[in-house]
Amino acid sequence: MNWGMALPLMVLGSSLIPGLMIFFLSEEHVVARTTLNLASAILKIVLIGGMFWGMLHGYHYESRLALLPGLDLVLRAGPLSMLFVLLSAGLWLVTTVYAIGYLEGSPYRSRFFGFFSLCVTATVGIALAGNLMTFLVFYELLTLCTYPLIVHRGTEVARKAGRTYLIYTISGGALLLLSTVWLYTLAGTLEFTERGFLSGLDTSVHPTLMLIFALLIAGLGVKAALFPLHGWLPLAMVAPAPVSALLHAVAVVKAGAFGIVRVVYDVYGIEFATDLGLTFPLAILAAVTIIYGSLRALFQDELKRRLAFSTVSQVSYIVLGIAVAGPVATIGGLIHLVHQGVQKITLFFCAGNLAETLGIHNISEMNGVGRRMPWTMSAFTIGAFGMIGAPPLAGFFSKWYLGRGALDAGQDWVILILSGSSILNAAYFLPILYIAWFKKPPERWPAERTFGRRETAWALLLPPVVTAIMTLLLGLLASAPFGLLEWARLIVSRGAGQ
Amino acid sequence: MELILEGVPWIVVLIILPLTGGMACFLFPKISKSLGLLTSLAVVACVWGLGWQLIEEGAQRYAIGGWGAPLGIDLYADGLSLVMLAVAALVGLGISVYSSAYFSRDKANHFWPLWLFLCGALNALFLSSDIFNLYVTLELLGLTAVALVALADGAQALISAMRYLLVNLMGSLFYLLGVAFLYHSLGSLDIAILAQRAQPSPAMWAAVGLISTGLLLKTALFPMHFWLPAAHACAPTPVSAVLSALVVKASFYILLRMWLEIFPMVGSSFAQLMGGLGAAAVLWGGVQALRQTRLKMLIAYSTVSQLGYLFLAFPLGMSVAWRGALYMLLSHAVAKAAMFMAAGNILAAGGDDRIADLSSITQRLPLTLTAFSLAGMSIMGLPPSGGFIAKWLLLEASIQSGQWWWGVILLLGGLLAAVYVFKVVGHVFTQAEPKLEARAVPARMEWTALVLALVVIFLGLFASWPLAIMEIGSPFGEGDSG
Amino acid sequence: MSYVYLYALLGVGLFVLGLNALIIHPHMLRKILAVNVMSTGVFLVLVALSSRNEEVLPDPVPHAMVITGIVVSVSATALALILMLKVNRATGKNELPDRGRD
């Protein structure tokens, strides 16, 4: 069988088909549903691993479907796509375990896990997209699949959050559609190409291209939570913790950021974008978002909202890395894509544990919780320090490369932004740690559930511990031969192309 | 096998088959359900046969009774007619299956003959090349549609049927007067001959105005849409589906034909007017849909809005624009039929279709709500669906021709659609308890809605085939390929 | 030839009068009558325009159209009358209500 064509489709199918099957399972079939969930997650990782191995050995993977005359749906494996797809698949497995534990006994689980699988399918499609059209299709699909997860609980708050989410994302999608069609009429193609496919166009269309870039960033910036389009993200925290963890720390916001990377590298090309003067405003926007997110985070008492604003801030590091437009800064941005994902998911898992086990939603309720739930809070501590950028954790390396890259590219002001936001990060994370570890615990927790001698259920405990360990490893092994840094260097040296 | 496919005059069979089927259903009411289903299936097979013929031999022309134009009546099939026939056949099959479970015994006896006559009228309309023949088929279509609407009980339905009848008659008479002027100036009734002889003149202008007015009345273009929401909402569900999906499209088809063949030299201001009215329809229909409290009225106003998209192609005038409008027609027909069927299921289960009360009933009908959501995707123009492809093509045309404001209307319409679709879909995700006294909905009705909705998604993934078929016989002229 | 155009104009006049009556009068029977007047107008136009010069017989095609049109008109009127009776039985009134309501 032609693996080159089939493998990308199989990767997509490994979550699509089980997802559709799960919809038809009734609520009581817990074993069947759990098996399907875990089996598809593992299968997906295996298939992606195979694709990765094949790519390293020079195999070419591409699936095409003619959508319109002259325009195809394309799935293609390349260094950048593999980066994102491995991150997504790996974190999905962990989140599936977590979600199974978290939603124990709650209603409509089949519906939840069905849409959960569809979300991952959409994310993988975004990662493997080989042209802007395919990206657009899966991007919009992601919106449609994430909405049911946000409104899953069905409360008024959830439904309102869902409405806001839709308003933002569908408007963003309309802008994205407009710019894609426009680009297609100007350039005649939408295939992601190393160094972009727009530089060859006549200089008379350059102002139009600048306008289109703005529209693209606006459309992608909604999901990437760029200021001022971030408004949906804190509201969406009303969703169950697994949803917040995967989607809003990893899949949805990363899809937006990934899209921006694609646009700057494979549609415009970094040199062309810099020539047009597009990267500097983007860098400013990213910087504003970084500071704004960190400032808002300071004033949140609800734990998940603080983490949400932290996400708003941290995802813009990726955009900043791209916009600074030096190879080193880009490396920093790309590795931060991975690091932020792993660290943030750890933090959300812990927040979910606190809520599920002890009924804690606010930081002010977290006095002394470190003693009650040591493993959870240790994972949280690692994640928090990674966010602040303390060596030898993963986050340190991202910030280091971003800073050095900024200096290399002559954009010294970025250092100010980076240090400023690190201070702010410390300002909103360290107090949490202090409260958790060093304050006296209250008489009674808001709503405690006991799990025997364990601090909480296995399914809830294991995932954050695993991701915290990953944070450590990513930091310690950063410079290793097959480490993340090497990979990022490879991507950048190819112009982040396919 | 090839001999059968090539030898049989599929064009004629397509018209005669539903007519005889209708008469048979009238004469043998006891087996009308089976006869009806069989006829619908046979029509699909005939369209397949015609398609084969068209692909092998190109556009087909058939002279009735052996007397060709200019004195006789010609039947003509090209890619455009084939696409219309295929939609009608496919949606028709879905509606037949749905109706076989929907109607009670005595209503069914009236339904099947009328429905098959409507199918015959539709097929004849799509295959006519003679403008007076088109008048006859239009009238037959209108009369059967009115009778079908009146099948529903209740004063509301009867009033809306009466109004619909009067509007139909008014529209047909405008059309006929225009035909009179057209015949008087150019001396023929055959479209192909008229196309050759067309010259601008006062009589031509009058004819264009009259014919367009009549057809626009029947296609419910804003502001002549006033009769549509009541008629589509109060009719029995399968009839609502037929009306929104097929009947309003028939008059649009005639307008399109006339425009492409006879009226091109009329000039751009009229086209801009139609585009402007279309834009108004998109926005007005969308806003009105939002304000509705009943599901079927919401869907009916959605039809008014979506029909507006079709008219955006007139000012754009490029091949890409026509293909986009046709694809929109195609996708909307299937999606709207699925939507109405879903609404019908909800009505059947819960007893009424008030949107505010949907929460308790939606839990019991997952298949139906899935069908509604998938159809909604096409209405909103989100990928992957036929509506998305159509939106893409129309956007491409509006940017390429520099008339970017139509593109803005397209995007705004999509946003409005998203609001009213999610207004309904949002009711699935509530904490409401499932209603205990819900009636069971026949599986056939739920599955038909779902299958049609899936067809819309397929239209979004495999667009090349319908697009290629549309080009047979070059109905859009030999101009740019888009 | 001008008297031919007089007849045609008369036909258009009937059409317009009928249209006016159709729109204005709420009573259903009057609406149906108005439609019939409109169709008579159209038929008159067709027949009038079918005449050629005096030596030759008039063009038969419009006459065929008129005959077909009359048949259609009769069927449509029959349907309209039955519908009117049904509406009357259902609502007790002879008029179509104002369409502003939902």
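We just call them A, B and C in the order they show up, numbering each chain from 1.
Here is the rule we use: a residue touches a chain if its C-beta (ideal position, glycine included) is under 8 Å from a C-beta of that chain, and two chains touch if they have at least 3 such contacts.
Computed from a predicted model, the values in this text were never measured in an experiment.
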> Measuring centre to centre, with centres taken as mean CA positions, what chain is farthest from subunit C?
Replying inline: A
> Which chain lies at the heart of the structure, taking centres as C-alpha averages?
Replying inline: B
>> I'd like the Å distance between the centres of subunit B and subunit C, where a centre is the mean of that chain's Cα atoms.
In response: 27
> Centre to centre, by mean C-alpha position, how many angstrom separate subunit A and subunit B?
Replying inline: 43
>> Report the inter-centroid distance (CA atoms only) between subunit A and subunit C in whole Å.
In response: 68
> Using the touch rule from the top of the page, what residues of subunit B touch 2 or more other chains?
Replying inline: none
>> Looking at the complex, which residues from subunit A come into contact with subunit B?
In response: 23, 65-69, 73, 136-137, 140-141, 143-144, 147-148, 151-155, 158-159, 162-163, 166, 170-171, 173-174, 177-178, 181-182, 184-185
> Which residues of subunit B touch subunit A in their complex?
Replying inline: 366, 377, 380, 382-384, 388-389, 391-393, 395-396, 399-400, 407, 411, 414-415, 418, 422, 426, 428-432, 461, 463-464, 467, 482
> What residues of subunit C sit close enough to touch subunit B in their complex?
Replying inline: 12, 15, 19, 22, 28, 31-32, 35, 38-39, 41-42, 45-46, 49, 61-62, 65, 68-69, 72, 75-76, 79-80, 83-84, 86-87, 90-91, 96-97, 99, 102
> Where on subunit B is subunit C touching in the complex?
Replying inline: 71, 132, 135-136, 139, 143, 146-147, 150, 154-155, 158-159, 161-163, 165-166, 169-170, 173, 176-177, 179-181, 183-184, 189, 226-227, 230, 292, 297
